[in-house]
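By written order: A, B, C and D. Residues from 1 in each chain.
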Amino acid sequence: MKYESILNSVYGNLLTIDNIGSVAAYIPELAKVSPEYLGAYVHTLDGQQAGVGDFDVKFSIQSIAKVLSLCLIYRNADTNIWNRVGVEPSGSSFNSLVQLEYDKGIPRNPMINAGAIVVCDMIISTFKNYRSEVLTFVRELAQCDTINYNETVARSELSVGYRNISLVNLMKSFGNIENDIDEVLEFYFLLSSIEMTCQELSRTFLFLANDGKEFLSDRSILSLSQSKRVNAIMQTCGFYDEAGEFSFQVGLPGKSGVGGGIVAVHPDNFSIAVWSPKLNAKGNSYRGFKFLERFTTDTGLSVF
Amino acid sequence: MKYESILNSVYGNLLTIDNIGSVAAYIPELAKVSPEYLGAYVHTLDGQQAGVGDFDVKFSIQSIAKVLSLCLIYRNADTNIWNRVGVEPSGSSFNSLVQLEYDKGIPRNPMINAGAIVVCDMIISTFKNYRSEVLTFVRELAQCDTINYNETVARSELSVGYRNISLVNLMKSFGNIENDIDEVLEFYFLLSSIEMTCQELSRTFLFLANDGKEFLSDRSILSLSQSKRVNAIMQTCGFYDEAGEFSFQVGLPGKSGVGGGIVAVHPDNFSIAVWSPKLNAKGNSYRGFKFLERFTTDTGLSVF
Amino acid sequence: MKYESILNSVYGNLLTIDNIGSVAAYIPELAKVSPEYLGAYVHTLDGQQAGVGDFDVKFSIQSIAKVLSLCLIYRNADTNIWNRVGVEPSGSSFNSLVQLEYDKGIPRNPMINAGAIVVCDMIISTFKNYRSEVLTFVRELAQCDTINYNETVARSELSVGYRNISLVNLMKSFGNIENDIDEVLEFYFLLSSIEMTCQELSRTFLFLANDGKEFLSDRSILSLSQSKRVNAIMQTCGFYDEAGEFSFQVGLPGKSGVGGGIVAVHPDNFSIAVWSPKLNAKGNSYRGFKFLERFTTDTGLSVF
Amino acid sequence: MKYESILNSVYGNLLTIDNIGSVAAYIPELAKVSPEYLGAYVHTLDGQQAGVGDFDVKFSIQSIAKVLSLCLIYRNADTNIWNRVGVEPSGSSFNSLVQLEYDKGIPRNPMINAGAIVVCDMIISTFKNYRSEVLTFVRELAQCDTINYNETVARSELSVGYRNISLVNLMKSFGNIENDIDEVLEFYFLLSSIEMTCQELSRTFLFLANDGKEFLSDRSILSLSQSKRVNAIMQTCGFYDEAGEFSFQVGLPGKSGVGGGIVAVHPDNFSIAVWSPKLNAKGNSYRGFKFLERFTTDTGLSVF
């Protein structure tokens, strides 16, 4: 299969449809991004790679970082993490606080904010220089030394993150946060502020299509079992309140962020990243979602 | 791949582990079933079929019927059904009533009781002789004329189904039930009382591994898109509060029932049914779950 | 204090204000009632009685009957009832189902629908001829033999009472309903359909201002302690989501119904009933509430 | 009526019953208090005052301070406060977060933590030197210059107050907190740390029995209407999840704190404060509650 031509075809097609939705407005820094960006990049396990549009422009990966922090702690702590965060989908967000309270401070999964905050707490407890540890981990996966946090974006989010402060304190009241709350939240927002291009993001997630092994070097990032676990979590929990719709329309494990990025992997085949800043009503990239839908339709490659 | 030998190997292995859990006790008829049954059957798209253990003993498919009723209405009504029932996972059951109220009587998905009840209501509105219509549909899929309802089991469940009566009345108060409540509930419990063997169940679900087409005849039961939708719903919503765990451990779209049955499909490969009556704490067959976990590990066939 | 002149003064004043709100529309029979009715009647323990406006027109007492059924079972079963229904206020109605589920089917108090349904269930279990038992009890209190159920209204409510059916089934699933659900609901709606005039209603509740003793005969209806309990429940739970507001504006224990009636008692002083069909946004009689507010302001008689 | 002899009689009686329950353990400073203290003091509007037991020992008034902060802002801001906090009872605490979310950050009433936090926020916005403003207000009411905060207790509570931090951040996310969160919380806990004797506490609340006017000087603290409002709120919301029970057993508007204090007023008659550190299962002073129950039974003075 020639992925380059498929990418080009889908890209051309996408440019003809309306660019619906709106850029995430609650973070001033993100609101400044041009809504017209559209890029995609694919890496395959048979050695192809191809990009279209703005595939080499950096953007804020936001919640996509939740998968990376999960992988970092998972490979170090393995199963010890699942007594502090679950693996089941969570229902709609209107329930998040009461659910968290009902479950005594144990978040439903690591893709919702509360769960990702617990993962940040674990990372702080595990690594002395946790900020650089995460960067090193991500840079090696992406094979790119320039990847970095955007501290302006992080501070901007922290300053309005009252709901997340509410969540972390509720968890602390149940004993599920070990470290200082301010430190945990600061790190959580810092993590979300990582910036990558589609090319880097696609490369970063390729190991999840490769049974947990770094492509080329074959170095093990996660075990096969761990890799399946992360893919399963992305499949059932990766798209806020649209996980079922994404499973149907696209049929791949994936994760989106409010910066407009989406990454998805097809186990044993490829990793793909797309980016377009305007979000649909459920908070996922409008054109990114459409792009992947057509991409899997055209290639016939979905897991279902 | 020789499925027969894999089945035999997994079966032998399962007989050596403890048979943990307990048979569903709230339905007197089900409580009478011997907890020692263990059977499995697989149909593949390359023409193999194989069974082990008690694969030819009939059991109550219970909630597995929710997939069949969904398929029947879906092929007749198509997209019109999604304004009355959602496609997203639902969080834990403790939320079910408040979630249903918050969503104005629209259930989160057709695999939870409320959603399956709405599907029953749609079927009653669509088919004059809906009881026989369902039976005919299932018998043709299973290629077996002896499949039937067990009216004793149905009546037994109806007599203690207060929670389901509560759900249907709440939905009726929001206008999401068209027919008489007693008729809807009676049909809902009748549907759950269908009895099949593993062999019949595996055969019945084979079309979902075959892009919606009946195997052999190639007759279209669902469109490709509809078939993907049903598989996506099973993947994200098919195992009560254990959908994420099943996605990880087994990695296939599937559905379980409190009778101890589980059916799962691997798109483009096979359909498999297992049965063992003892349930784990989340209400899914303890040995059925283990069986599928080892089966996909041994074959390397999971979607992740 | 001359209650007659106070009543006349308040009545005249009320006629000059706008008659805001709307008549309960979900029950066809109630929707037919003229919205212009306005009546009030007071009985005092020093022997006065006085009425104004439409004090001798019968209306549907609706939820006011919840107090009467509570008193009937309380005097027969005493404290045994409080393990099946609580005595605490309940928060807003949006919580009612989840609260009931959280509390394992024990309603917060006997003034909300779920609690009143449990009281009906107790009455059915206690009295062989419970329908006539209630009528006899109420007729004796009101000293009026013509008080009766309105079966047309009862049937009309039953036919659309899906939410109450939902509640009773949820309670039955927790074992807090002993009798047949249809019988309990039928009786519940029958009870609400009792019709009285303001004069009869005021007379009926006079014993709660008289430490539980029937006025004139001094016959004990409730003990002093029981009478205080019922007054305390009316004070904290008698006005749906407006109990705090009523406590402040009027300052008396009382109960309202969607038929537009309100009854209130001032312990050791008087009982008063008002009626005006238009309801405010919280479901309480708009002019009835205003009437009582001015009445207690003018007399200086509130409990605070 | 001779209140002194009644107090003595009740006190003697209380000493003969078991001292059940446990001292609030989550605040180290409070856990150190001897559980054997028992004191009470009454001030009447006919000029009597009397005390028994440990009536002149200072204790932490805790949540009783919520009434005082409410009165301070109410007399300055009047009705403008009710668009930011409600006046209705709140149901059980398990609902507090979801209720607050459902109501868009508007707490149900000023006696629950969330509501009292909003009141603190209003006070900070209104008074430049709010800490001293509160002290002055309370000292004048108590006619005692030694009343003060206990900063050790305040800091001790702040250090474990995660749930309250969660609440305040949730309200901030809805725009219902104007000031810096840390400042609001610090003040909230400082307020709760005020220490008084029963004698001082009883004197402080006497104006609520006197239609809002300071006893002796007749200076207006609250208007008559405001005073009724505060009493109505205490009656329906003053005892956590035991407001209905207190209304019944004691029959007076009142407020309790986890330090073991309870204050209650009988409008137009008296104000009474009791203190005994052990709390019942609902968090109210076990012997304090019993004391008031017998006191109103013996005097026949309840509002019902």
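Going forward, a contact is a pair of C-beta atoms (placed from the backbone, for glycine too) under 8 Å apart; a residue touches a chain by one contact, two chains touch by 3 or more.
Small disclaimer: the values here were computed from a predicted structure and weren't measured.
Listed here as common contacts of chain A and chain D: no chain. Chain A and chain C have centres, each the mean of its CA atoms, that are 56 Å apart. Rounded to a whole number, the gap between the C-alpha centres of chain C and chain D is 32 angstrom.
In chain D, 94-95, 98 are the positions where the chain touches two or more neighbouring chains simultaneously.
If each chain is drawn as a node and touching chains are joined, the picture is one closed loop, every chain linked to exactly two others. Residues of chain C that touch chain B in their complex: 94-95, 97-98, 101, 162-163, 165-167, 169-170, 172-173, 181. Per the touch definition, chain A reaches chain B in the complex via residues 86-92, 94-95, 98-99, 102-103, 108-109, 227-229, 231-233, 235-237, 241-245, 247-248, 251, 253, 267, 302-304.
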